[in-house]
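Below: one structure in structure tokens.
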């Protein structure tokens, strides 16, 4: 099986902090690939590079085997890659529906829509409502400003958005960090649902039990490099954590 | 044992959203009290009321048995209550040391300090370094701006701050949400350390296993009310989650 | 736990909402404050002088704000993106000189008008390019282009007021009767432009993007919005709008005046802020800005009718402007 | 995984850091950009006219920016809190009229000066109170007080320039020799105030709080900082600084001029922004602002020495101001 | 050529006008440039940001002194406030000549080349009186800025010419315009609000007159109201021709400029320093001459106008 998305030797430096020190990644068709690692291991930097939010200093990215150069997130989005960023990337003053559809608003199909480009506010509200209902996140109105939501509710908006629009790859950076037990369960169901639709998912999470529950493979990152790729069946959690923290050696050449 | 901090019948409404519907809380001396509840249950609103960040519409708050009226966070801070807010409340452009000591900077002890109120930058840097080292959060320099930190590193700053300065009560709103396995362990150790120092802690978390591991008592909140208080020994996690989600009845009169 | 509690938060809120939805929607409108301030000002002057509340006078007020009001439309869009445009009055002045000189020089009037508006749009495009491509602060960029436009105006006009304009150029200064009041075509143009601005900002994707970029530029970028293209478009369109303001001005004064517009940048920003738009971007409604512009016009006109000496007019304007935004603030708090 | 990898990120970074710490610290200073722009401007004019790089002329440039430079100190502090002060030139003008009228009227000069500065501080306190207590936008509040101060200036001075001032009032306009250059006392006062401002902002708790409030007001509040008291203090101190600027102006022109300061609000904001301070608050250094003020002074002086015709001075100033901030931006990107 | 004190190329002269936005000063500058070229000397120019902007004029003077000018020609914006700076320049041995507007006191400059502003005012006052006769009038006076010599002189001249005092009840409105067209329009609008019956308007200069005309036109009062003004610029004379302005007192800024330049050059080359007041002349221009009043016709006005 050829990888859907690949990264080879990505490097990203901030002044003298090296966030990515030549990291590799392979995402196979239809799989859930978890990325774990300590704080500051470069997980967010990695997925930002994959989603065009950050341009790496070195390295190559391949989509369906073809090299791609994302100059900005719009490029990645056009290629069908949807991302939930760790800091959520929502516009706080805008309402939920507007946030969900930001950058791909629905226009009315009638004359007003075609000629005067009028948005179809009703349809966006309705669809937003149904996406959010799927997550059982319990939000009153889709016309509420995102800044009035609780931490978890806000995260729900970002997650719902990515799941709703992905056509190729879904990337989620700690999508359940602020979520309650019930809501976390919903998001995991949703991730499985995405896989069922045939789309591969990259899931960053600090919640190791969850990771082992849901992931097909686990990419372990340390100091800006991939140090191991393991399958939940082959390795137990303690071992994975040991690799992650540097207490055990991974199955890849580690940082030099 | 008389409670250190009590809340009775706190109500907070935002327009027609009722965030707190008459919630009660008791924090006993030297205990770790966990607060759990679904997203939007009003947990953050509750602790904001306790820390002066929000003035409730109704209800009373007692500290050491005496009614208190916090008009702003400074009041609560003066009373020795330290809080880690869910949205972290850091100044992104300021460096780590400045954030740690914000609002209680150290002045130099010599003449320049007394007459010209010069800050003791060195001492603040050094102390900040040592607090952060306790958390093993792996940050290079204390003069780095907080906005350049990873999500988890940022959370580490907020946690270190509260632990370092608390004199009476520590409140933490999801302090480990963005933290890795190792870092989460550190923060839990730190919370236990605070208890050892004799200070009670209120811990909000969605991580039920952790909660059951570390907490002395668990306050379960639902739809803006406390629906139960349980002890980890008496009740198992599944039961607690059932109460939290409304699938089971708690030991308090629930929302009418 | 009783059965009734089983209705989720969602349902509960939904119920309350549908009940009081209309009321809330109204009170939440960011335009209520500016409107209230405007009405209070009108009430005050109606009671103080009986010459205020006449059709003729009200039409006059609208006519007097049409230049600054139109400039404020462009300014609003720019400010919504968290930018600012100090060059608008100067760009407008240059536009009027271009259109009037060319027209007087024999170019067909419609072409002259188009070129004048085009020059303003070009200034806007320059602003937008410098702000986005070179990532320079809007304040300094537009201060620079303010000076450039100012100098070009005086150089190109040789400091002569341009008179003897063809009819087409001053057509918008003509009036038509509405009931027994004369209304200027220019006023109608300004109002129409507010409506268009409102439509675009409120009902089109481009409008949402303007708000998003001002609210959280990083989120907008991550959402796949091309923030650069958007910003360049915003500044360019704003420039074109300043050109239209210039045309309205020519209609009103019937000359090409190289001295025009010198305080219009602050005046237009004032209208925007009085209208409840945040200088930090992303928040506010353009309809509020119309009220903001009218507030200033009403205050000036009303004090004049009351016969207040001009230096005291300045004093009182200072106080009233603060009061007006105070009323807005009160209205906002009531809905918080 | 080899053993060397066991050094933690912390250690690794710490090592690199200590090696290149000095270089970085320098390059990270937000003042490098404005300084580079200033030096480039100086270089350019030195090459263009040999009269530029003389002690006497450089001393003159400093003297010429002392009014706007001092105003910019107050403006910087206000802008760092994410505010803005449009009233500073007007408040200053009112302060100069108060001090000169009172002094000419017979009040002992030191007392007159104190009262003049006090009036400015009172305006600042009014601004601060309205901004914090009534939570009104700083733009509108200070626009209002701008009008009020302007009107009071003209009313109180009866629009007459006040002449025949006692020596004490103009003392800061006197010069002392430094090497073979004459330096105005006022220049020294301005530079001293920049140093004090730098000290307070950089080395005291109050200074940190100013940055914190501008950076994230909610975080500052939650950290127990009394944001209201801080803001009122900031505006009041800024007001007092404007009073001192007024005293410097009186020293330089030796009259009380009711028309003074009319464009100083924009000029001072320009210095602040050219100095690399963000209009959104919380970021920038006051030393950069000194360079920002000097950039404007150098451009004006240099163009004049080169004999550029005045309207072309305006044109070129526009271009140079944009270039200056472009240099700053380049310097910033290099360190990103 | 070369004179007693070396080549003319080494002589630099500064010209500081009130603004860059009044054609009068633009023409004055052009005149000075032409003369400087003819004499082979260098000219430096500067201007304030608005009429009344003393601070910018002070800065310009300082810069010109630093640039080593031999002499400065200045049109003082604030006639009192500029005095200390004039003294400083003169103390440095610079020849300081005021143009158009006398400083206050006049002796604070070495010399003055200007219109006799009192006479200019008197001319248009007399003209207005002779048109209006004994009819009751309502007068609006659109002045310069308070306490500025040129404004006060013209104002007083108009009153003298009309034969009334400043407290005469026929003066229903006085407003300051800073000699600016936009402010002139606002001022006229203000006056009309105060008293719609105004039928005679005195204006400090032609920009103010044009502003006043625009306001009168908007109010539909041009037929019943007479405007008199001072300047005689080409657009002003055309306005006289078309009847927008009834009469104007023509000034000669090119003369002021060229005489000013000549006088500094002469002194710099060893001649005598000019001193005292030189009248550059003034003529009443109107399309409807009044019996017994000396005036020139529009043809003369156009032949001698500037701009």
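Order as written gives the chain letters A, B, C, D and E; numbering starts at 1 within each chain.
Heads up, the rule we're going with is that a residue touches a chain if its C-beta (ideal position, glycine included) is under 8 Å from a C-beta of that chain, and two chains touch if they have at least 3 such contacts.
Since this is a predicted model, take the numbers as computed values, not measurements.
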item	value
Given chain B and chain C, the chains that contact each of them	A, D
Chain A onto chain B, rotation angle from CA fit, given as a multiple of 5 degrees	180
Between the pairs B-D and C-E, the one where more C-beta pairs touch	B-D
Distance between the centres, which are taken as Cα means, of chain B and chain A, whole angstrom	29
CA centroid of chain D to CA centroid of chain E, Å	36
Inter-centroid spacing, chain E versus chain A (mean Cα positions, whole Å)	72
Geometric centre distance via CA averages, chain D-chain A, whole Å	46
Shared-contact residues (touching 2 or more other chains) in chain D	9, 13, 17, 311, 314
For chain B, residues contacting two or more additional chains	17, 40, 138-140
Of all residues in chain E, the ones touching two or more other chains	20
Contacting residues of chain C [partner chain A, same complex]	8-10, 13-14, 17, 199, 203-206, 208-209, 211-212, 215-216, 218-226, 282-283
Residues of chain B touching chain D in the complex	51, 53, 72-74, 77-78, 83, 85, 88-94, 98, 102-105, 107, 116-119, 121, 138-141
Contacting residues of chain C [partner chain E, same complex]	154, 158-161, 163, 252-255, 257-260, 262, 304-305, 307, 310
Sites on chain A touched by chain B in the complex	14, 17, 36-41, 44, 86-87, 137-140, 148-153, 156, 174, 177-184, 206-209, 241, 244-245
List of chain E residues in touch with chain D within their complex	12, 17, 20, 29, 42-47, 49-50, 52-55, 58-60, 62-64, 66-68, 78, 80-81, 83-85, 145-147, 176
